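Have a look at these structures, which come just after this line.
The same chain A turns up in both complexes below, where it pairs with chain B and then with chain C.
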Partner chain A sequence: MKEELFVSGRNIPNIDPHLNIWHWQIPLYLFLGGLAAGLIFYAGLYTILNKEKEFPTAVKLASFIAPPALVIGLFMLFLDLKHKMYFWQLYTTFRIESPMSWGAWTLMAITPLSFIWSASYLKEVVPGWDWKNKWLDRFEAWVIAYRKQLAWVLVVLAIILGIYTGILLSAFNARPLWNTSILGFLFLTSGLSTGAATIMWMSKNHTERKVFGRIDFLLIVIELFFITHMLMGFQASTEVQIQAASLFLGGDFTVSFWVFVIVLGLVFPGVLEVLEIRGYRIPVAIPALCILIGGLIFRFIMVEAGQVTRYLY
Partner chain B sequence: MRYAMAIDTKKCVGCSDCVVACQTENNVPIGYCRDWVTESVTGTYPLVEIEIRSERCNHCDNAPCVRCCPTGASHIVEGGVVMVTHNKCIGCGACIQSCPYDARYSHPEGYVDKCTFCHHRLVEGGRPACVEVCPTRCMYFGDLDQPQSEVSQILARRKWKVLAPEAGTRPQVYFLV
Partner chain C sequence: MEYPMKAPNRNDRSTRYLNPYLGGVLLGLLLLMTYFITGRGLGASGAVKSTVVATVNEITPEYAHRSNYYSQFISDDESPLNTWLVFEVLGVLAGAFLSGALAGRLKLKVEHSPGITAGTRLVAATLGGFLFGLGSQFGRGCTSGAALSGSASLALSGFLAMMGIFGTGYAIAWIFRKLWV
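What follows is the complex of A and B.
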């Protein structure tokens, strides 16, 4: 029998401990990007469906969270760069094969558009708001006239943004835990779920709250299915991916993953939402907060754990 | 033209001369390196086997680092050498994540750095510094498209392997076994 005694490997103090190059900035950005994508998606969707009246929070109020979330997210991405003064190089080219290039351009488009979207509702949300500038007034009137078209653009961009937060990770075959094509849709679902939770929490309207509670419950079920599917896919894959999955199935990240992501972030709020549907009075802040915290921890765990996994040779 | 390197694991003694030569030639900051020596011991005493490998960027034919680079700073030049343009690199770390060989590192100045096969020497007709200094002459370098080159000759004669072929990167640093 051949037993591997040890592989001394390399030990380069200034390189090896720093190969996990992505720290807290990236998961925080992935969370904020997903949240913004979710909020923008619902705002656009209910505008396209002509349901602004029934869903005032989703279309108007909650959309005000997206621009600051995107700006903070972008700032996190900037903080993460090691060669900061060259960041503009991102916008000198578009590389179709690079998910990061897609993301950079999507953010470049969606951030100003989401500002414009929210600004066009400022008069309705803040009573007595006045732009005090005739050009801004004209621009606002123009945006309001083309709101439906803007909604279409935002919905498409929000889906790209939501998927991109997952594909950013899944494009790396060198990190087996990330290298699964389901990650894009898993992160999109999670982003839509955090967005729905935020709207549910902010809404004062009973029907809107009920609808978003149901949307959120559906998304939780889909997310649980995707996570199961991801782990099953790893188990049926190559050795490196079996080892990657073992991080969650007995390895270092088992407790944090099952307790915080699955139970606290998905199952518990899911059960509360079922109780709510059944007619129990549940304070809406509890499931909403659980989903938001669960989504944030999920991204931290995926980014951390993914960087531990690698090829063996 | 396709540059490639072959390293004889039966001859390599792990002296790290290649590492020092690279650091000197390429002015690599102290504490960092573009190539390194891996010592892999398998078996149970007394039946143990040791393999020593001088490793570096594999200058892959299907380079994931080049694919994921958002600015085009990582690119492939003539001869298949993977290079990084420093003033195009934003230091996002995507290429570091994408490399199955962990061959890239973040230079203290911010950009990402790695082995270039000593490209500045190649254009003058020379060989990489690590190959030049190897005291056991266990390293071979040359053009795979030339059947007469020393690397083509040795790969035709000897058994070899590449690292993590299952990653699909088609690496161009070969290890003679």
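What follows is the complex of A and C.
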């Protein structure tokens, strides 16, 4: 018999000492959600700025990736649920203090709107496309007429979605690694960066690629700043936060975090972007791929490492 | 605006490759630094070996554990990929890419002698790589691991490996010269 379990009262499988409830579905969703948020943000932003012609990939082509990314991401969230058939109950209430509620409703709004946005550009992207239905034709004309208003709604929702992917973790206050308010902005920045990398990769337009290369470089710098700040914040905090940071500073996640996220996922593509800005020829797929893979691994590490950290020792 | 560092002219060969003697000295210094920082030498075939071991262990774990060769690189605690050589080779790829970018010769192409086709070159290189991989495991290291790092630490096996690799190369280069010139 294991008497110590009775004495301590800590026989809580999958929660104590380490959380073991979130697996690959959650980081994959966080990545796809962040990517979709980034893509939708740029599509909306350049529409609001009246620059659809200068940035055709950002506004039109790349926006087609957002709806499938959101649908796959939502499916991942669904796969993660223990009681799958009760998912609809999230939509029977709205609780302003619950990040899950914010996320569920934001996704509920942004997913169909991103479909509508892409559909309104289908005729331009696929020449000869015909809806073969007068109601759909009328609806398309209506969406095109109100595109700017739709862009405003999408930009706001995309920012909420991007922040939410981080807040989902940081609201989990029982895990010191996640319980930091910088996570929302860090994940938003990372999502915008993966979105910019995708647009840069897809674009055939020289100016657009250049602009998105610069945007991406700036976001990489901001992301590195946030990560430094996060680690410094942990280091200056209580013992449990110091323990959490030590996972990345000599602990189990040191190699994967520094090699794949910091060096290959941020610094290396950052250097390549600088070289490109200075006029060197860089195949754009390489920095873009590094950023995308780095962003994905970052989320896997944050979800995995966060579950290992704890307050109770 | 003038940038202080300009992209090199793609047609100017002089800027494209480093002087090989200077390259050799730099490689030696790199080796010295590697010993100083990591306490061990450079390697390349070890990373390939780790990748093969990890793949075999993933596909048929029973076979990997049964095999005398594979089982020595497998532990229950961590993946066979978690060795510094794997990360070193990732760094080599990234560094080579950067150096290619700085020299302005990043282009997807197959370099081969005018006498053969790109296909012949790829087949010959694959066969050569296969033999080198096999040989490196018999000899417990490749040019970097056994010859370079070994001779730098004054190991007799390192000098033997160096002489074996380059001596054989000289001896049979004439037979395969059509692949190069």
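Things worth noting here:
Keep in mind that, in the parts below, the second predicted complex is superposed on the first by the 293 of 313 C-alpha atoms of A that agree within 3 Å, B and C clash if a C-alpha of one lies under 4 Å from a C-alpha of the other, contacts with A are read in each partner's own complex, and residues count from 1 in each chain.
Note that in this section a contact is a pair of C-beta atoms (placed from the backbone, for glycine too) under 8 Å apart; a residue touches a chain by one contact, two chains touch by 3 or more.
On a predicted model such as this, the values are computed, not experimentally measured, just so you know.
Residue contacts after overlaying the shared chain place A:259 against chain C, while chain B stays out of touching range.
In the superposition on chain A, contact is made by A:87 with chain B only, not with chain C. Contacts of A:286 after superposition: chain C is touched, whereas chain B is not reached.
The larger set of touched chain A residues comes from B, when the choice is between chain B and chain C.
Within the superposed three-chain model, A:278 lies in touch with chain C and out of touch with chain B [touch as defined at top].
Judged by the touch definition given at the top, the superposed model places A:268 against chain C, while chain B stays out of reach.
Residue ranges on chain A touching chain B, taken from their complex, read 1-10, 12-16, 18-19, 21-22, 80-84, 86-87, 89-90, 92-93, 95, 97-101, 103-104, 171-175, 238, 307, 310-313. Contact residues on chain C toward chain A in their complex (touch as defined above): 3, 5-7, 82, 87, 90, 94, 97-98, 101-102, 104, 106, 108. Residues 255, 259, 263-264, 268, 271-272, 275, 278-283, 286 of chain A are the ones touching chain C in the complex. Here chain B touches chain A in the complex through residues 29, 31-33, 36-45, 48, 55, 64, 67-73, 87-94, 96-102, 105-106, 109-112, 163-164, 166-168, going by the rule given at the top.
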